[in-house]
Amino acid sequence: MAKVTIGKKACAVNPLKMSQPIGGAFAFLGLRGAMPLLHGSQGCTSFGLTLFVRHFKEAVPMQTTAMSEVATVLGGYENVEQAILNIHKRQKPEIIGICSTGVTETKGDDVDGYIRLIREKHPELASYPLVYVSTPDFKDAFQDGWDKTVAKMVEVLVDKPTSTRRDPARVNVLPGCHLTPGDIEELRTIIEDFGLEPSFLPDIGGSLDGHIPDEFTPTTIGGIGLEEIAMMGSASWTIAIGAQMKRAAEAMQVRTGVPYRLFERLCGLLPNDELMTFLSEISGRPVPAKYRRQRGQLADAMLDAHFHIGGRRLAIGAEPDLLFDVSSMLHEMGAQVAVAVTTTQSPLLERMPCDEVLIGDLEDLENLAKARDCALMMTHSHGRQAASRLKIPFYRIGFPMFDRLGAGHLLTVGYRGTRDLIFALANLIIADREDNHQPTPDTWLDPWAEAQQAPSPDSAVVAPLH
Amino acid sequence: MAKVTIGKKACAVNPLKMSQPIGGAFAFLGLRGAMPLLHGSQGCTSFGLTLFVRHFKEAVPMQTTAMSEVATVLGGYENVEQAILNIHKRQKPEIIGICSTGVTETKGDDVDGYIRLIREKHPELASYPLVYVSTPDFKDAFQDGWDKTVAKMVEVLVDKPTSTRRDPARVNVLPGCHLTPGDIEELRTIIEDFGLEPSFLPDIGGSLDGHIPDEFTPTTIGGIGLEEIAMMGSASWTIAIGAQMKRAAEAMQVRTGVPYRLFERLCGLLPNDELMTFLSEISGRPVPAKYRRQRGQLADAMLDAHFHIGGRRLAIGAEPDLLFDVSSMLHEMGAQVAVAVTTTQSPLLERMPCDEVLIGDLEDLENLAKARDCALMMTHSHGRQAASRLKIPFYRIGFPMFDRLGAGHLLTVGYRGTRDLIFALANLIIADREDNHQPTPDTWLDPWAEAQQAPSPDSAVVAPLH
Amino acid sequence: MSSLSATIQNVFNEPGCGKNANKSEAERKKGCTKQLQPGGAAGGCAFDGAKVALQPLADVAHLVHGPIACEGNSWDNRGAASSGSQLWRTGFTTDINETDVVFGGEKRLYKAIKEIIEKYDPPAVFVYQTCVPAMTGDDINAVCKAASAKFGKPCIPVNSPGFVGPKNLGNKLAGEALLDHVIGTVEPEVTTPYDLNIIGEYNLSGELWQVKPLFDELGIRISACISGDGRYKDVASSHRARAAMMVCSKAMINVARKMEERYGIPFFEGSFYGIQDSSDSLREIARLLVERGAPADLLDRTEAVIAREEAKAWAAIEPFKQRLTGKKVLLITGGVKSWSVVAALQEAGMELVGTSVKKSTKEDKERIKELMGQDAHMIDDMAPREMYKMLKDAKADIMLSGGKSQFVALKAAMPWLDINQERSHAFMGYIGMVKLVAEIDKAIYNPMWAQLRKRAPWETASNTWQAKAIAQANAEAAALAADPVAAEAARRAKKICHCKSVDLGTIEDAIKAHALNDVAGVRTHTNASGGCGACAGRVEDILARVSAPAELLQAAE
Amino acid sequence: MSSLSATIQNVFNEPGCGKNANKSEAERKKGCTKQLQPGGAAGGCAFDGAKVALQPLADVAHLVHGPIACEGNSWDNRGAASSGSQLWRTGFTTDINETDVVFGGEKRLYKAIKEIIEKYDPPAVFVYQTCVPAMTGDDINAVCKAASAKFGKPCIPVNSPGFVGPKNLGNKLAGEALLDHVIGTVEPEVTTPYDLNIIGEYNLSGELWQVKPLFDELGIRISACISGDGRYKDVASSHRARAAMMVCSKAMINVARKMEERYGIPFFEGSFYGIQDSSDSLREIARLLVERGAPADLLDRTEAVIAREEAKAWAAIEPFKQRLTGKKVLLITGGVKSWSVVAALQEAGMELVGTSVKKSTKEDKERIKELMGQDAHMIDDMAPREMYKMLKDAKADIMLSGGKSQFVALKAAMPWLDINQERSHAFMGYIGMVKLVAEIDKAIYNPMWAQLRKRAPWETASNTWQAKAIAQANAEAAALAADPVAAEAARRAKKICHCKSVDLGTIEDAIKAHALNDVAGVRTHTNASGGCGACAGRVEDILARVSAPAELLQAAE
């Protein structure tokens, strides 16, 4: 059981965290024909927009209510109304998703009330899909914005089922925000290979996978359509991925009675065994040969890689679900998660496979990684400065990844995704050893100092299993 | 049209080339229950074996006729006989594949004659599958050994069709030795997604993909079975991949009448368009949506990456088919293939997308890369020393790749494989720029010297297209 | 009136601003805060603008007082280069929480400054105000004052919360912070007659270093660059420079003008984009320095350097001529770049088929006409689909623009080159212009485009998306052609003022109805040009076209 | 008799070889060239052995004269470490072609030497003969002689073509090349009474550097290490050393013995694997050096170092005790390692459940019994499936072995640690042994194993492959148990001599039929032990078991 520590600094240095409104906006990007709208000053949107554009290397739709100082003081009704009208008229999205920000939450704008008023005042918007989520910047983090937004989507967009009959082939999937478009595509293929028909809410795999679109459109391209969301109540199961999605899965169950199965992790051997077992059970089909082979390949990759990964001290900074997923997998490969830094509370924190989890920033990650002599750093692109100062290899996980290409295609789920991640990390470590840790005549000049640094046999982390 | 130069040095330094008998043995590793047998001294086998073991990180079956000095002088009949008998008795393979080596070719052993004698002398071996290929070390290279062996397999193991009826769903695939197990798996999936049933000869995807085997077996695990090979004459088409496979494809056509289509490359946008078109035509099915998306993703990856890859001078060392494939793709992305070194003759050499191709070694690759100021080196693992001396990024392609994990899963074929390769290369270049080429106050102290180094507008390589 | 409001008002009064010159006293007071249109705005806020302007100051700590969004979503995202300290790339924020919102965040801010000084010991801490603490009333001036006194270290309040306006206002508020709290607070250790300030240059991709060797050669010393590769002490003592160059962006014109006012440092607006501009700027620098007392031989030495560098640059461009002659370039950028790079491109044989004038001044447009002829295709704002059609119609070979339009060009399989802030290439000075030509050559001749323009196997000639887009545009055009009423409606629906969302028809009607003949009149009657003022030029064009003929018409009747 | 044959004969006569000691004069002449079994052999050839032995000489060029296979398939594949020149990692080969095969390759070889000297200027070129040019009659001795004369640079012929025998013969032929052409050819610049040669140590993973600091502390100077991190000049002048340590591998015993013969350099066989061995070796070095004239205080100083290092090593191992006590280790390796590391493992609380004796001498086995008791499980060669069953039956927690058996262990989800040549860890000296214990701890406690041993979702308890393998083995055992005839047949079918493929039954029958009582007799009658001689120990065991009771039986009858 990990001790959860909350950073006590007045000044966050090199933030790990991003704000929850853009986590909410991100969720809307996984709907077809959507326009996310942040209710705040224009900077709130432009910073978020820039993050997404640099991460996905795509044009990304996102709008702002463009609150001025005066509007902020007077209340944002007019801005919300005008924004919705303008967007509805110009970009003609199928849905507008609205997230509040720090400015408008400080004032206390009643956006749900505004929307009611707007619908009354403009009959053409009476039943126009508008989903609002309260996501103040000064609370919680990116992941929270996503999970609240998906839960709200379920509550607002999913029809209550009219009959109790369920379609046995249909499965809802509620993916956490730590999954990439590549992950979503992989899961889609896996689920379809069992003869099931998945609906992903949201479906960033369809919208942000970096394909060339068929037309110029000012809203999202791809993603799940509203009619498909409406029908999710007729599915036989909901699969939720990441502890953050429990809220949305429960909302779905309450609203439609569709039972859910939560997979806290999909990186690693056993979590995917569980997924395969579950899919096999609900589909009544055996696990396809492809995945049997892939399991063998993963096991083999673990064996090949454990010589390199085993015993390494790692420093990982990520949002709770991603941190739990990746660090659990690496812990299971014998690595020591010596430093774990995250952004926000989660029921997972106490179950992290390490002694301590810190809700903190990248300065903490850097200082702890240095103090604990870590051999590898994993976090989002902003960790680049820290890793370079510490002269240790750096593996980018999570959002944003703005300084490398292909962020949308990174894979961590499934046997195959786990295999590729393990190879990538082992190869980083091998390269680092070759480049920076070749033995020299001086390596053992003071051998007993080095012996002290050997993995402590008293470490509570590496507990005997048999 | 590239000028083909043959190195004139008496001493090869840091060889790029590997010998053709182990290329032949490699082909046998793609058959189920096979035992490759090198007719030579035991070192011939043990060096090859070590190469494969270190590349695939797997136990690999391979045997030797263990020629002693005396046996070499007297002729190897007894050793061949004893080896076959021993292997047949102990490992009980379904097939023994025999390749000659320099020693036994120098003496001039008539192995085909030996085999006839052995079959006569040992009735239990009368129809036992024994395939022999002549592969002297002092001629040709790895790739040649593979292609000769596959052609021989076709001649010996494929039944002549008894009827003219063909199975429209069955497709033979003859992959070059530059494809990895991961490439083979990708192609299998692609072809199956068109409703076709491919037979890969050889099928290293089934045997060397690094899965955990179901049992301990002293022969190959997985790979194509003899009964499947025998039936290849009833397929409707043969797909040959890499110019090296023309020989085998023609052998197949001569023996069985099955027409073939040669794909010289499968890395890049247009080559895969051609593959898709062909599969769509022969299957009568439209291109699956999955590949339509993947094509868009590749096009998008090319756009994202061309800023980084375009204009870069590259040094590539590889066997002819792999060199042609990868360098063509990179040339099409705007890179300059400034140095191309290969191992052996091929009709492709003159068509390489560069000014000159040298049949040479890694010393040549290193010296030319230095002289021509290349920004990236691509070759097999043995290039590591050269790249490190030149302080330029290094990307491993081809065989062997002994200093990193996951060699068997590297992907270069298909839209997806091309996409991942492009991202990997662009990211290497980006990382190198960040680490080693940040602007400083001194960067432009002598600007006009730098201007001279700008991509020459007179380069014959980058010809205008419109 | 709060001190922030006063500062903003102060900025609005900027006499150095070309746009202001077009306004009446009353209008000027209304300010140039772009009244953004909800649901139709893009671009950064004032905080963003202030941070962008000051962050390249490399050795100071930039502390953002606000919720995580302001710094967490945006830090370390600029391509400025520093030759030394990298502290500017460290993200500092108070990351205020709910408690701070309710009870105020001043204490946290004070502690944050203390932590930074203890851990990083920077020469100064810049504190950026953001919307939420501005609303809750956190007084960053007071906190900074207290902290400066307590820690003996300058703490500079930058009062530019996002909601006060757009990015360009933020640039100027950043300048005010420097003027109020930094510039003139330290005396330089040495001064020379060759001391120059450069204002509004951020050293993106290190491009200042493309020019600096020429300064070094001429003995010209950069006292302070505000703010690229800048150092606190240099900026604080920059009031003793002899002259200043204000880089054309106008982002910090208030700094240049007030330094002239306060310290008598003459300045000129110049640019190092383009060969001619580089030479002009060098000449102007030499002239100002000599006027302020530098030895007169500087002028000749400068001319010699200019002659040599120009010759080398033209020689380096020469070999590209054969390959680039006749290549058509579409230039979508702002301000001076819409014409300053044109000469070099033309010298390399290229033809400009269009240039954007969305952010251009009247003078900019004159220069364009001068360079490209009266028929110069000047482009206002355009939608992606229109841009695509335009690219095709104009048969452009390459588009040069900022990152914003890159995806349109790339998705249309058009060569594209970033010439705005996010670019990784440095294009300043003589060598920079050669580099630009070389990069254009590289982009145009990349064999990739031919492939990307080919159809996918499943597409027929008529179902490519490009074909569909063109067909749709053509169909719309045909429909309009067939229906003059609809065509006229479409023409009149064209948006002229984006801030106030005023269309062409409304303006034309107002001009005719009220016989208007100036922008102010149009503004009064339609609200057009009542926002950022950027459309004043367009309104003038309309006035020229509509009102004149109307008078003629009346005369003729 | 060619000079190569003479050299080989010479090596066969090696009196320092323990195996030879067991042979008659005539047998010795037959040589120890392992008569390899076609279709049943593994391991490298004589060329491989020669290259392995010499390649760690870091500053010389190693040129392989032969077709591409010999060097192209094998270069830069060793983990030896050099503290300076990396030339040894450069692959040089004549890569002979068909023309060379037909017309001879001597000219190409000569040119190759020339090219190397011109381009790389090494202190010497080592030329390795391979099978094909040996067959076609290329005389590398002559070429080397001519080249040495012409270029004034030692060119050393290493006459060890692959087909003359196995790897270990090649090691010795490499030694002969050094004895014939290198050692004693240069006089050292300085000598001290503390000069030591180390022979047969390759500095894999740099592990010599785990011990060297102790030498440095004691003032002991390594004159030459043959060949790890070696330099040509050091080896050439190594004949002036005072003493030598021959590392137990026996690979170069001929070098040690002949240097003693020729230059009076006493040597001992020692090892730095294991704490006790390290101490013994240090002691022996000190003793030999003092005997040869070094000041006697070296002995005391050495004892002090030993005491300190042992104490530190045991202290460092102590904390692992709690975690490793009762852990069962299976040790599959060769020679001294089969017992030299045992003490440290036992000190850390581990239990040895088996050790391989395939390559062990009689003395090795005695040491094993001493350490592990009379019931020590000594393992000969075993098939992978048997090994798996053995691992399971013995309930071993980890297997230590060379790379060859790694895949068996790993695929069976057994912790495994490489303690042979390919390992990336350095395990020499005191610190090395602690590292070994730490690595064992790391491997055993890796949580991965628990996962890998779990069933895949589609497997039931009975259809896992492990279960199937065990079931099959058990079924076979049961079948044998139920059928005494078959069981006896199986017992008798066990291969004793792998070279000559002689099974247990044949040997037992021969012993009984001819009342044999020594290995030579068994060899005469069955050919067993007529190859590499490694099975002599096994034959002795059989003799002890079969012949004695047979006599007793006869006596009893």
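Brief remarks follow.
Letters A, B, C and D mark the chains as written, and numbering starts fresh at 1 in each.
Note that contacts are C-beta pairs under 8 Å (C-beta built on N, C-alpha and C of every residue); 3 or more make two chains touch, one makes a residue touch a chain.
By chain, UniProt protein names: A, B = Nitrogenase iron-molybdenum cofactor biosynthesis protein NifN; C, D = Nitrogenase iron-molybdenum cofactor biosynthesis protein NifE.
The model shown is predicted, which means the values in this text are computed figures rather than measured ones.
Taken together, chain C and chain D share the touching chains A, B. Seen from the Cα centre of chain B, the chain whose own Cα centre is farthest off is C.
C-beta contact counts were set side by side for B-D and B-C; B-D has more. In terms of their C-alpha centroids, the spacing between chain B and chain D amounts to 35 Å.
For the pair chain A and chain D, the distance between mean C-alpha positions equals 53 Å.
Chain A and chain B have Cα centroids lying 39 Å from one another. For chain D, the set of residues touching two or more other chains reads 411. Touching two or more other chains at once are residues 58, 212-213, 299 of chain B.
Of all possible chain pairs, those that touch are A-B, A-C, A-D, B-C, B-D.
Residues of chain B touching chain C in their complex: 268-270, 273-274, 276-277, 280, 286-287, 292, 295, 299, 302-303, 306-307, 310-311, 331-334, 433, 438-445, 447-448, 450-451, 454-458, 462-466.
Interface residues of chain C facing chain B in the complex, by the touch rule stated above, are 81, 83, 205-207, 209-210, 212-213, 312, 316, 319-320, 322-323, 397, 410-411, 424, 426, 429-431, 434-435, 438, 441-443, 445-452, 454, 456-458. Looking at the complex, you find that chain C touches chain A at residues 33, 35-48, 63, 66-77, 86, 89-98, 100-101, 108-116, 119, 131-132, 134-136, 161-166, 383-385, 388, 403, 407-408, 411, 465, 468-469, 501. Residues 57-58, 189, 209-213, 290, 293, 296-297, 299-301, 304-305, 308, 384, 403-406, 409, 419-420, 423, 426-427, 430-431, 434 of chain A are the ones touching chain B in the complex. Note for the complex: chain B touches chain D at residues 9-15, 17-19, 21-22, 37, 40-44, 46-48, 50-51, 53-54, 58-59, 63-69, 71-73, 78-80, 82-87, 90, 101-103, 106-107, 136-139, 141, 212-216, 218, 382, 385, 402.
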